[in-house]
Amino acid sequence: MPYVNIRITREGATAEQKALLIKGATQLLVDVLGKNPATTVVVIDEVETDNWGIGGESVTTLRKRKS
Amino acid sequence: MPYVNIRITREGATAEQKALLIKGATQLLVDVLGKNPATTVVVIDEVETDNWGIGGESVTTLRKRKS
Amino acid sequence: MPYVNIRITREGATAEQKALLIKGATQLLVDVLGKNPATTVVVIDEVETDNWGIGGESVTTLRKRKS
Amino acid sequence: MPYVNIRITREGATAEQKALLIKGATQLLVDVLGKNPATTVVVIDEVETDNWGIGGESVTTLRKRKS
Amino acid sequence: MPYVNIRITREGATAEQKALLIKGATQLLVDVLGKNPATTVVVIDEVETDNWGIGGESVTTLRKRKS
Amino acid sequence: MPYVNIRITREGATAEQKALLIKGATQLLVDVLGKNPATTVVVIDEVETDNWGIGGESVTTLRKRKS
């Protein structure tokens, strides 16, 4: 019955990688708390780099400075 | 003043259906708790089927197996 | 498979009222989008009035002014 | 370490405006609670007007009525 | 930089179990997407069983029926 | 109409500080995007330090190491 929301920047995660996140997060709840995987929901939100900030700056700006 | 967030997979919900979700969720808060509809906010998030998992698998994978 | 999050101020909602919110939100998704109720999750968050703001003020402050 | 999620309707906010939201929300946490900006995360979600409801109606419908 | 929100019912998860969820979710993002663990945030919400519904009923009701 | 969710660790924020967060976040949306403060909602979640992780460890553990 758990609900897991994974929020990442939209920077090219593939369907295969997202499937691994879903599988891994579900298994984590099974392993640690004995939750039922059948009713464990995982939702991945991919967020534009303009819309994600850390340290007071957008990831778009941070990526530009580093490159 | 309530805030309702409805998260569904993006599989073709129409503007009319989304209007019904907004209307119905708002009315539910009025009916059950006497909340003021004028300040009741409903936000619908439509999530790609690759990004929604249940039972450790993405909805994309589940849909393929069933078809 | 939908996930519905209802956020309200903590002001004495009873277990019966919360059961009605769960039942009503689940039925709404069934009626409007034909979703499967068995995997529809509803989570209610009750938030202290000090922690909920509207119009730039906490609900605690708003309630005091009205009384 | 705080996490701030700002949800607005998708109605043309520019990258510059979103950078100001990130900067301002981060600074608010620094000023009020002395939080470390380096680990303060701000995520902005822009939501289609069909998907945002207030007063039981979508913002799309509200905007049409006003115009 | 990812943000992971794990929502479970409040049914006695220990600090040790919650530490394992934090460690495991962080490692998952490192392994699958190469994310930096130093800025990966995990937040666990424990929700009263009266406030969590599945299948149109609260977990409180579901637990009673099974016992 | 914006919705702002501020999530912080529960470490003694006062009602006055939370009122400042509500006021400041609301004003930020007014200043940057011209939003209507009357329908701007701010919700603050205070999370136990056992339930908040960064760098793969709970804040409880991080605080102990530093002290």
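So that you can tell them apart, the chains are marked A, B, C, D, E and F in the order they are listed, and the count of residues begins at 1 in each.
Note that a contact is a pair of C-beta atoms (placed from the backbone, for glycine too) under 8 Å apart; a residue touches a chain by one contact, two chains touch by 3 or more.
Here the structure is a predicted model, which is why all the values come from computation and not from measurement.
A.B. asks: Please identify each chain that touches chain D as well as chain E.
C.D. replies: Under the touch definition, chain D and chain E have A, F as mutual neighbours.
A.B. asks: Please identify each chain that touches chain D as well as chain F.
C.D. replies: Shared contacts of chain D and chain F: B, E.
A.B. asks: Can you give me the shortest step count from chain A to chain C, moving only between touching chains?
C.D. replies: 1
A.B. asks: Same residues or different residues: which describes how chain B and chain F meet, taking over half shared numbers as same?
C.D. replies: Interface between chain B and chain F is built from largely the same residues.
A.B. asks: Quick check for you: after a Cα superposition of chain E on chain F, what is the rotation angle, between 0 and 180°, in steps of 5?
C.D. replies: Chain E sits rotated relative to chain F by 120 degrees.
A.B. asks: Look at all chain centres (mean of CA atoms) and spot the one farthest from the centre of chain C.
C.D. replies: The most remote chain is A.
A.B. asks: As a test of understanding: of all chains, whose mean C-alpha position lies farthest from that of chain E?
C.D. replies: Of all chains, D has its centre farthest from that of chain E.
A.B. asks: Report the inter-chain centroid distance for chain A and chain D in whole angstrom, where each centroid is the mean of the CA atoms.
C.D. replies: So the centroids are 20 Å from each other.
A.B. asks: Would you mind listing the residues of chain A that make contact with two or more other chains?
C.D. replies: Residue numbers touching two or more other chains: 1, 3, 7, 21, 25, 39, 41, 43, 45, 52, 54.
A.B. asks: According to the definition already given, which pairs of chains are in contact?
C.D. replies: A-B, A-C, A-D, A-E, B-C, B-D, B-F, C-E, C-F, D-E, D-F, E-F
A.B. asks: Okay, in this complex, where on chain A does chain C touch?
C.D. replies: Touch list, chain A to chain C: 1, 3, 39, 41, 43.
A.B. asks: In the complex of these two chains, what residues of chain C are touching chain F?
C.D. replies: Spelled out, the residues of chain C in touch with chain F are 7, 45, 47, 50-58, 60-61.
A.B. asks: Which residues of chain D touch chain F once you look at their complex with the stated criterion?
C.D. replies: Contacts found on chain D: 1-9, 13, 17, 20-21, 24-25, 28-29, 31-33, 35, 39, 52, 54, 59.
A.B. asks: Sort out for me which residues of chain F touch chain C in the complex.
C.D. replies: Touching chain C from chain F are residues 15, 18-19, 21-23, 25-27, 37-46.
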